[in-house]
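Both complexes shown next keep subunit A, but they swap its partner, so subunit B is in the first and subunit C is in the second.
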Partner chain A sequence: MTRVVNHLLVYLILGVLVLAPLGAIVYEALQPGAGHQHGVALLQLGVDQHFLDSLSGTLGMAGFAVLFALPMGFALAMLMYYVPPRWTPFWEALILIPFLIPPYLTAEAWSLLVGPVGMIEQVIGFLGSSLEGFLFSLAGMGMMMALHLTPLVYILLRAALDNGNPRLLQAARVHGASALAAFRLGILPTLLTALAAAGLLVFMDTSAEFGVPALLAGYAGVQVLSTSIEGATNVWPVNLPMASAIGLVLCAMGVLVWFLYRPLVRNNEGQIQRRAPARSVWWSILPIAVFVLVGTIMPVLAVLAISLEKAMTAGLQASNFTWEHYHHIFSNSSSGFAALLTSLKISALVAVFGMASALLAANLVRRGGRIGALVDLLGTLPMAVPGVVLAVGMILFWNAPWNQLPVFGHPIILAVAYATVTFPFALRYARTGLAQIPPRLEQAGRVHGASPLRTALGIQVPLVWPMLVGGATVVFALSMRELVASLMLQPAGMQVISTYIYGNFRQGVIGNGMALSVIGIFSSALILGLARKALIRR
Partner chain B sequence: MKRLMLALLGLGLASAAHAATLTLYSAAPATLARTLAADFEKKTGDHVEVWTSSTGKVMARLAAEANHPHADVVMVAGWSAGLDLAQQGMVYPYHPADIEKALVKPAQVSAPFLPYGLDTVSMVFNTKALPKGAKLPDSWFDLTQPQWKDRITAPNPLLSGTASSFLTAFVDQYGNKAWKFLSELKANGTVWPGTNHAALLPVMSGERSGMFECVGHAAVAAKAQGNSIVQVFPKEGTIMIPRPILILKSAPDKKLAEQFVNFAMSPAGQKLVAKNNLYPARQGVPAKPIMNKMGSFKVMSVNWSQMAAKQPAILARFKKEILGQ
Partner chain C sequence: MPSELSEGLQIQSLRVELGGRAVLADVNLCQETGTYACLLGESGSGKSTLLATIAGLIRPQQGKVSIHGQVVSKDKTFLPPERREIGMVFQDAALWPHMSILDNVLYPLRARRLAVEKSRAMALLERMAIPTAAARRRPHELSGGQQQRVAIARAIIAKPRIVLLDEPLSALDHGVRENLREFLHGLFAEEGITALHVTHDPGEAFYLGRRVGVLNGGHLEQWDTPERLYQQPASLVVARLGGSVRAIQVPVLESRDKEAVLQWEGQRWTVPAASELQSASQATLLLRPSDLELDEAPTAAPEAQVRHAHWHDGQYLLTLQASDGQEFLAYSRQGDLGPRRWQLRRGQGWCIPLQSSANH
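Take a look at the complex of A and B:
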């Protein structure tokens, strides 16, 4: 009985979260585009110059991101592995921080840093103007994504290096290979796989990105697919079949890359080898510090400075200093504080609900077979579905004439969207957790007459608890920063932190948005830190 | 788990059924919509849900929600956008004669709804970021001169209600000369990055020198914060754009919606309009002193109902030829 309920619940969850929006997209993309009587929007794309421009924009931006992120991540991983600076954990934490800052915020910060009266020019008197041309271009957009994703490349390469067998290197050297040849034979093969995986991941994430191009592409005079989809959905005159068709193309790109990516990371569960600790050197701090400066310190300082300024053009001077934006956020009627609270509430709800559903799904996946494989596939599919496409799918599904459930226009729709976006991460944590439980414990419980539900609650949950908490914090953090689905689905009467920051940057008081960014960055860092501490203490 | 989901659904149903709540969709300035809503709540005890965006997005959302309408009252930035909604049969006529009588002259335009305020568009420049030796221009058409190459931004008329109204009036006035000017403007490196604020931002930060057809309230707000921003009203003239506040036919509680419109049009509501850097529509409520006095700049005359009919075709051509979309 419980087993049947488990199955049905998982089908229901995956059906609502994943299949419904994707199905709606496919159906809509097969309708004629606006302005056409007949035909299929998907096929009409082929002759649409705007679509082709956007496609080349997306490919260009993602290509640049790979081009920048791989060398940076590679260099950082090599330095930290072979010639680490002192206080390695400290530097490692600094390298990882850019991944915690939402990319749209990095882009906002950098657009305030560059330019003839930007902050760089104000402080050092040069460089700002020449950087401006770079930032507002495909390469600049790629760079913003690269700054955000380099930590990911670093983690993948670092894992590959740690998993490599240092004895292979010693063996090669003993048998007379030169240092270079030994590196090529002993280390490069694993490293190349990791590089390819990292490249694909960066490509996939960048082509799906909405916030960075939404902020920069207009000034660069280029277009990308994600912003075209948003425009065709959100700007009058609306063309939903066209939006769906472009969305399907973007999705197909994501799925293709993802299928290339999956086999590359499946087999790297090697053992971490013991090796003599590398000697630390002082000079490796320099390149690492440059990355930390560009990826973390400068953007955070820019956000901080603007949040304390009265008028942007007046620049950094004492008479221009104000606490007004923080007062505003914390004042009673402030929509900024309400947005922060809403984000916290929805993200917490999604973290709990998401991990519970993921645990149910992980149980089916663990049992294997065709159903297990299908559940795994559907559960991880949202990795490859860009947020903007998901949002269009959800509008089509929840706002359809026949759909009478009052989900569209209700805050709960944001929770549904976040749950979909974060499901792959929740599922991965739940699966890792379950994999650590020896099956004989559950068998023992069942043999002694406990129901499946009781075994789950009495054995699984306590044992996988650390993984559930870890997964929940990741789901929470991802929900807090989600931008595009929030923008497109947010009902009247509410804002979340990302839409407040974006909205104030685009159409309001930048200082207020930046003040909430500062509060948001520190409060989520605090929450993540506390959760991690609680986790480690167990 | 299941109970949780049922509870969630129940939650949704419960709050959807909740009455005496008014839903307001509004274009910028967002602070106006929010303060109007907050003061109305304080006065009547009824709750107002606000969603703010740009005119183009408000229009798209209304179209998208045609099956399940959510909004009751709509405030947009362009008069023609309101006329367009009326033409689609979405507007519940509400324009009581006693309020119409109290309107300032340029706001007396006949329509099935009321204007809550007025605004202009102008050229805007950052005096600290002008090209070397450049003087402020006095004609729209000067912006295609080589000294302004890569120095100008403009709001996207597909998003901005005032920009779309101005574009239509401008094309109506100058015909092919206007289209030639627009494509030269584009060839001169002008960008249309999005809303008025999106276009004004690079001007404030000095990445660009000036902006074409910038909405008044955004420029005045930037000036009031102490930025080095000046508005230039060209010799050809600008237009005075009434901003509609309208009730949708689908609104379940028309009484409540009318109350809200009445409040927006009352002296108290109009003071908030003035506070948000717009010209109040009601006589006797003064605009902010920092704003250019009505009559101190040249205004082109506009036939709004004709313009509303022409606007879709003009916007479509602009989207294709100038934005390349």
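Take a look at the complex of A and C:
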């Protein structure tokens, strides 16, 4: 009975979160046109110059991101593995931070740093202007994504290096291979697989990105698919079949890359093992520090500085200092504060229900078989489907004339969207948690008289609790920064933190947006820290 | 034949398939209430699968399982594990790390909604030589042997109809294992608990089991007393699990009830034989080192070449090669290589139908 309920709940959750929006997209893209021909919108893409430009823009941006992120991630992984600097954990934390900063915020920060009146020019008097041309170009957009995704490349390569068998290297050296030949024989094969996986991941994430191109592509004079989809749904005349057709192409690209990516990371969970530290050297700090400066310190300082300045152009001086933006956010009728509260509430809701659903699904995946494989496939599919496509699918599904459920136009639609986007991450945490429990512990519960429900609540949940809390933390953080689905689905008169920051930036009210960024980061960190402390017992 | 009520465990025609492959096939056994039995087998023989099937953790494709006369698995009938009233001890103790030692022991009472008698649990822990102060500790604070004792206490506290033990001693050090083996023997005999213990260690099985079964490739090769398992093994596999043995292929001159007359190395030998031998012309003669006499062999006895000798248990264990090239083992006071005369002791050796297997 319990098993049947588990199955039904998982099918319902995955059906609503994943299948419904994707089904709606496919249905809409294949709708008959005026000439009663099916799939007209799709066919028209072949001769649509705007689409072809967008496609080449997306491929170019993703290509540049791969081109920049792989060498940076590779260099960082090799340095940290073979010649780590002193205080390795500290530097590792700094390397990973850019991934925690939403890419649109990094792009906003860098657009404030460059230019003739940008902060770089204000502080050092040169370089800012010449960097402006680079930032507002296809390569610059690729670089912004590369800064955001280099930590992922680093994690995958470090895991490959750590999981490699040092005996292979030793065996090669003992049997006459030089250090280089031994590296080529013992390390390079696993490293190449990880590099390929990392390249695909960067390509997939970049081609799905909305925020960075939305901020930079206009100035760079390029178009990409994600912004074209958003435009087709938001800008008059709204063309949903066109949005669906472009979405289907973007989705197909993501799924194709994802299917290439999955087998490559089968044995690479991205877990960095702790090993006996290699001898530290001082000079490896230099290249690592350059990345940390560009990826973390400069954007964070820019956000912080702008949030405390009266006028950007006046520069960094005492007379230009103000708390005004923070006062504004915390004032009674501030829409920024309302956006923050809304984001916190919805993200917390998604974190709790997302992890509970993921645990149910993970139980089915663990049992294996065809159903397990299908649930795994559906549960991780949103990783391959760009947020903008999911958002269009949700508009089509929840706003369909036959759908009488009052979800569209209600804040709950954002929770549904966030739950879909974050489900693969939640599922991964739940699966890892379950994998850490020896099946015997649950079998012991059943054999000694506990029902399946009692075993789940009394044995499984307490044992996976730290992973559930960890997963909920990630889901919460990802929900707090989600931009594109929020932009497209937020009900009229309502904003969340990401749309507030984005909207203010687009309208030139930058200080308030930056202040809310700082408040959002600190309040999330505080809430998550307190929640973890309260929920995870030693 | 034991009556229905005295059957602690009965298994009939059991078949289990996992991933489309038969892991257990046509397994039959009957264990009396209150006895301790062991299942012996190599890795992958299906012994843990059999235990999991009895526990209700695996649903069999075919066959019947009864515990204390109640059918728990047959055709559509399948009682879930929690309703079988059993206890189980796992190889790695499988204590719940988030619960105290006491809560681990009390769990079966709570799960079955029985009276939670803490004093009884404490008394049981005391009997298991677990210090009272340790009852509030977490499992990882105990040694491996202590954890296994707690797991035994958990398995028996709710007075189960049968306790299943899945290689409970194999993860422990030699000394702890011997100690716990003696403890198990005493405890289960005193309490009169029916127990089925799975192991790959013949010494453990022969020490603990009133009956011992040998599983090989999913088949129960023999279910018997330890004595018969050693002296009259049903197959070469069973014989090997009982200790050092060599299998010799020999022609059968005559087979009578429980005896066979064999021709080997120019001599006629009368040896005990399995009834399945019947009118076979060839048979497998199973020889253990103690079945042969070397030091007192008469001069008319056949000769074999000593190929290897090593000191073993106070005498030499010799590897001899007969004139037809077949090898066998024997004990002797002398360890010289070269020719030696030998003879088969009266009533020793065991003849079974021809087994196709290498002579090792």
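Some notes on this structure:
Here is the rule we use: the second predicted complex is superposed on the first by the 504 of 538 C-alpha atoms of A that agree within 3 Å, B and C clash if a C-alpha of one lies under 4 Å from a C-alpha of the other, contacts with A are read in each partner's own complex, and residues count from 1 in each chain.
By definition in this document, a residue touches a chain if its C-beta (ideal position, glycine included) is under 8 Å from a C-beta of that chain, and two chains touch if they have at least 3 such contacts.
Predicted model, so just to flag it, every value in this text is computed and none were measured.
By the touch criterion defined above, A:Gly445 lies against subunit C but remains apart from subunit B after alignment on the C-alpha atoms of chain A.
Residue by residue along subunit A, subunit B and subunit C are tallied for touches, and B comes out ahead.
In the superposition on chain A, contact of A:Ile459 is made with subunit C only, not with subunit B. Judged by the touch definition given at the top, the superposed model places A:Gln317 against neither subunit B nor subunit C. Chain contact summary for the complex, subunit B toward subunit A: residues 1-2, 4, 8-9, 11-13, 15-16, 23-25, 28, 30-31, 34, 38, 48-52, 54, 56-57, 59-61, 63-65, 67-68, 70-71, 126, 128-129, 156, 158-159, 191-198, 201-202, 204-207, 225-229, 312, 316, 324-325. Considering their complex, residues 52, 55-57, 80-82, 84-88, 90-92, 94, 96-98, 107-108, 111-112, 154-155, 158, 164 of subunit C touch subunit A.
If you check the complex, the residues on subunit A that touch subunit B are 5, 9, 49-50, 53, 111-112, 114-118, 132, 136, 218-219, 221, 223, 228, 231, 233-238, 240, 310-314, 320, 333, 335, 353, 356-357, 360, 395, 399-401, 405-410, 412, 415, 490-494, 503, 505-508, 510. Interface residues of subunit A facing subunit C in the complex, by the touch rule stated above, are 438, 440-441, 443-452, 454, 459, 462-463.
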